[in-house]
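Shared between the two complexes below is chain A, which has chain B as its partner in the first and chain C in the second.
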Partner chain A sequence: MDFSTLLAQAALNGLVIGTMYMLMAIGFTLVFGIMRIVNFAHGEFYMLGAFSAFFTYAQWEVPFVFCLVIAALTIGALGALVERAIIRPFRNDELSGMIATLGVSVVIQNAAVVAWGPTPRAMPNVVDGVLSVGPFTFPLSRLVVIATAALIFAVFWFFMQRTRTGRAMRAVAQDADTALIQGIRVNTIYPIAFAISVALAALAGALMAPIFSVSPFVGLTPMLKAFVVVILGGLGSVPGAVVGGLLLGLIESFTATALGSLVADILQLLLVILILLVRPWGLLGQKEA
Partner chain B sequence: MHDPRLPTTGSGRLPGSAAGRTWAVRLGALAALLAAAALPHFVSNQFYMHMANLALLNAIFTMSLGLIAAVGQLSLGHAAFAATGAYISALGALHLKLPPLLGIAASGLATALVAAILGKILLRLRGVYFVLVTFLAGQVVTLVALNWESVTRGANGLVGIPPISVLGYSLGARAQFYYFALAAFVGVFILLRALMRSQYGRAFRSIAENIELAESSGIDASRYQVIAFAIGSGIAGAAGAVMAHYIRYVSPDTFTFHESVAYITMLVVGGRQTLTGAVLGAAFLTPLPELLRGFVSMQHIIYGAVLVSVLIFLPGGLASIGHRIAKMTRGGRPRP
Partner chain C sequence: MRRLLTALLPLACVLSAPAASADSLKIGVLATLSGAGTAWGMSMQGAAELAAEAVNAKGGLEVAGKKYKIEVVAYDDKYKAADALTAMNRLAFDDGVKYVVGPLGSAPALAVLPVSTENKMITMTMAFTPKALSADFKYSFRPVIPSDVFSDPQIKWVVEKLGGKRIGGLFPNDESGQQVGAANEKAYEAAGAKFVAKEFFERERVDFVPLLTRVLAQKIDVFELNGNSPQTAGLLVKQLREMGFKGPIIRTGGDATADIVKVAGKAAAENVYVHQPIDLASPAIQNYTKRFEDKYKIPLNAFSPFFYANLEMLFEAMRRAGTVTDTDKVRTALLALKDFDTVLGKVNWTGQAQWKSNQQLDAPFYVAVVKDGKPVVQAKCTPAKCQ
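Let's look at the complex of A and B:
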């Protein structure tokens, strides 16, 4: 394999995991920006999305588009319930809210072990075949992931910018009290924001299920990466999550090709700790007052 | 320094009743200690002894985490310090033939030193940012333990770690180790209690309550936070080393993110405000999952569910139940 093919391969893989990190980080940062909650259960919703796709697509053979819709809706609804029942009591207590999400994470992960067993399951690709451009060949299954993630992000962005609810969410993120005075129902915005956040995680899980395997433990790495991305991009910043996610995916893919993935992981974590110390508000985020 | 007849700043109790209660508490503590010392004579089941040992060690981990929480910071990397201590003492014993007791002391000092240096840098962050950075630092330790195979033997871990011996007398058996763990527990308890009652403890509490106010009153918050973080993490390092010499094995799986979460759970369930809370949490949660032995996932589910329910319904933890009952029986009358 010559050098340019290796680079093209690394770039494609980087984009695939980068889009996944992007979807994870957007949801994570959205919930932090609006509700000031660090959601340690975010990875578990990714895992549930992966299982949802596994059952609907691999076992019941539902068309993949509908699998994505089902995953987003069911897990989004579950997220709204979790917000209502568990997160809401900690509205003014960031630290206790975060500890509560740790508890939620433990419960969901182990409920999945009890229900579906710990063994990883493989899921078939959504499409087969390759796309040849000049000397390069790209598997279609990867390209589909990138395209779908881009589409999901476009829908999300349109929702946030152009709909009433999206605008209300941005207003609450800026200042919840002022938003309340303006007649925005903060109590309905919070569950919606949480539902959208975990639905994005579920979509990431569903998209990645054919590429990685599906097991109750697949959520930890994406969550860790979401932390990393969000620290890079700034807690609460959606553009930061997009740029940070794609960048992290690409950097990771190239360093892993050059140094091996464990070393790449350690370097990445150290880099992030450094950034957190020098610029706690992230590379693109705004300094908090 | 401080007249014992005056009410202490935190409690607001009347001096007379406080003195009466202090004696009751002292007698109760003495009785509990005697009962604990006699335990091995009544319990012959090895498994129950093992549970008692783990509960004592977990209480040490939780109390030391509580010390860091007492300055208003939550460490999600507590198990990483335990792992560091465990590896240091294990490697010392295996390669340098270092006596375990010396190794444990060295582990405690080394992790306290590391924590002091790290704390100087990391404690500039507060609230969720500090939690995130300790979480990530914990992940780094796990990854290094996995990856640095020439020293840590990677995922296989270090086996054949010698048991603790005191004056040539081996504490390998569970009942013997129990006395060591009990002594360590009592030592840490007394140390932390004295610390919390000293001027340091008062500074800690004022920082946790309102850091801006504490700083504007001339308390160097960063310095006290570094002190609490270094002592708490050093105790965790030493206790991690004790654990390594007890189970005679250490691997990257011995102290992970999940253990850090377990210590937080014990602290929250027992009660974040007091030292007794940490002990109650460890005593309650260590044996609880054993009701469902062999079904690990159900244990974790119970841990998570207990954690969330206590946070929502009993924010003061088990330690606050007494207060709650007292409040209810007094029928809402203002406290004397």
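Let's look at the complex of A and C:
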């Protein structure tokens, strides 16, 4: 393998991982921005999305596009329920809310072990084969992830910028009280925001399931990475989550390919510490007054 | 009032605890029941529960004219030494357990063995570390055959048969991964091959493509999976094949075949050589596999029958010793069993020369290659040689 192939391979790997981090981090940061909740159960919704894709795609053989839609809708609806039942009572109590989501995470993960067992399950790839361009070969399954994630983000961005609900959500993020005075139903916005957030996690899970396999424990790593990404990009900032996610994926891939995984992990966390020291509000976040 | 309640609380607890029946015998399970090592932990819990089921179906274990119902108490150590120690203390002091299936991992084993030894509890460990058996740990038995016994003959066989000269491998970055990596490198070099790419990674990692890119850039002939948990091994096989690696992949290490095939898929798992602790063609093993898979709905991990065999021996030792409480007598009776017929076939104890403790189960093992998702035995091994 020559140097340029290695670079191209590393860039592609970085983009795949980066888009997953991006989808995870957008949802994570969205809920924080709007509801001031750090959702520790975010990774479990990723896992549920992966299982949803496993059942619909690998077992019932539904076309993959519909599997994504089903994952987003069912897990999103579940998210809205969780918000109503468990998160809402802690609306003005960030610490208790955080601990409640930690509880939700433990409950979901262990329920998944009870229901589906701990053994990992493999899923067939959505597309098989490789794309060969000159000396480069890219597995098609990974290219599909990048394209789909980009599409999902485009839809999400359009929703946030151009629809009434999207605008209302941004208004609530800026100032919930003022939004309320303007006639925005904050009590409807919260569950919608939470549902969209976990639906994005579920979509990430469903997209990555064929690549990384499915088990009740797959949510842990993406959750941790989402944390790192939002620190990089700025807690509460959606553009920050996009930039941070892609950046983290690329950094991780290049450093791991060039220097090995241990150095890559060290560098990643050094970067986080550096950001916290120099720019604690993140690359694109807003400095708190 | 509150003070009165506080004073009464311990009493209430004592009263509400289910009264231990005089005729029940508790067997503890201390293993990893969540996270990446769960397949192994379930294999141990399953062995204990199935052994208990078999005995209870016959009305219980008869020792010195008294019948005992076997009861299984299981704790999850999450593959962590601290959790294992908490669980062992509970087994010893709260549950009053004298016999434990476990501990599983090497680090947990080293943490709990001093406690179990001090309390004269007989343990059956899966830990591959050489320190798990020693003259100091008088009550520590090991039913599974550790990699430092089986890896040398298997690696020798693999290098000779497949002719691989350049070996690559990824190992978890912790005490056991580092140890396995070093031991593996030595064994391959002794067999005449060269370890050209050795990388370490944190256990939570799921995307190995960057690391595999590095390894494949070294133009390896053979990839070694030793030291990785079943799920990780499966992901490695899948991603290696996706990147176009067609050479043989070797699993010198704990049984993970079922998970490798499940995660990587049948096509990718083709041409994977695995350590096979049991002979899948034997009727006793087939019967055991059926019982296990009917009950737990997960594929049998090949370590499970070793614990079952150890329990069969333990129950026989109790009968012969005429006691379930005096673990010194039970231990002596257990060690006296020779050519004892178990689910694995006839087994013995060994290990005096290597660990100064004759408490290692002695059984043959096999090398198999995965064909159409199933391991097919290629060679039968003893610690000296595979053929």
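As a working rule, the second predicted complex is superposed on the first by the 283 of 289 C-alpha atoms of A that agree within 3 Å, B and C clash if a C-alpha of one lies under 4 Å from a C-alpha of the other, contacts with A are read in each partner's own complex, and residues count from 1 in each chain.
Heads up, the rule we're going with is that a residue touches a chain if its C-beta (ideal position, glycine included) is under 8 Å from a C-beta of that chain, and two chains touch if they have at least 3 such contacts.
Here the structure is a predicted model, which is why all the values come from computation and not from measurement.
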| item | value |
| --- | --- |
| Clash-or-fit label for the pair chain B, chain C on chain A | clash |
| Partner chain(s) touched by A:121 [first = chain B, second = chain C, both, neither] | second |
| Partner chain in contact with A:224 - chain B first, chain C second, else both or neither | both |
| First, second, both or neither for A:265, with chain B first and chain C second | both |
| Partner chain in contact with A:24 - chain B first, chain C second, else both or neither | neither |
| First (chain B), second (chain C), both or neither touched by A:192 | neither |
| Partner chain(s) touched by A:243 [first = chain B, second = chain C, both, neither] | neither |
| Touched partner set for A:113, first chain B, second chain C, both or neither | both |
| First (chain B), second (chain C), both or neither touched by A:103 | first |
| Clash-bearing segment of chain B, relative to chain C, as chosen among 43-51, 115-123, 133-141 or 223-231 | 43-51 |
| Overlap of the chain B and chain C footprints on chain A, listed as residue numbers | 110, 113, 220, 224, 262, 265 |
| Parts of chain B lying in touch with chain A, wherever the complex brings them together | 74, 121-122, 124-125, 127-129, 131-133, 135-137, 139-140, 143-144, 146-147, 257, 261, 264-265, 268, 297-298, 300-301, 303-305, 307-308, 311-312, 315 |
| Parts of chain A lying in touch with chain C, wherever the complex brings them together | 1, 6, 9-10, 13, 16-17, 110, 113, 117-122, 124, 130, 137, 139, 141, 212-213, 215, 217-218, 220-221, 224, 252-253, 256-257, 260-262, 264-265 |
| Residue ranges of chain A touching chain B (in the complex, touch as defined) | 32, 38, 86, 89-90, 94-96, 98-100, 102-107, 109-111, 113-114, 220, 224, 227-228, 231, 235, 262-263, 265-266, 269-270, 272-273, 276-277, 280 |
| Residues on chain C engaged by chain A in the complex (per definition of touch) | 33-36, 38-39, 42, 173, 199-202, 204-207, 209-211, 213-214, 216-217, 230-231, 234-235, 238, 242-244, 258-259, 262-265, 296-299 |
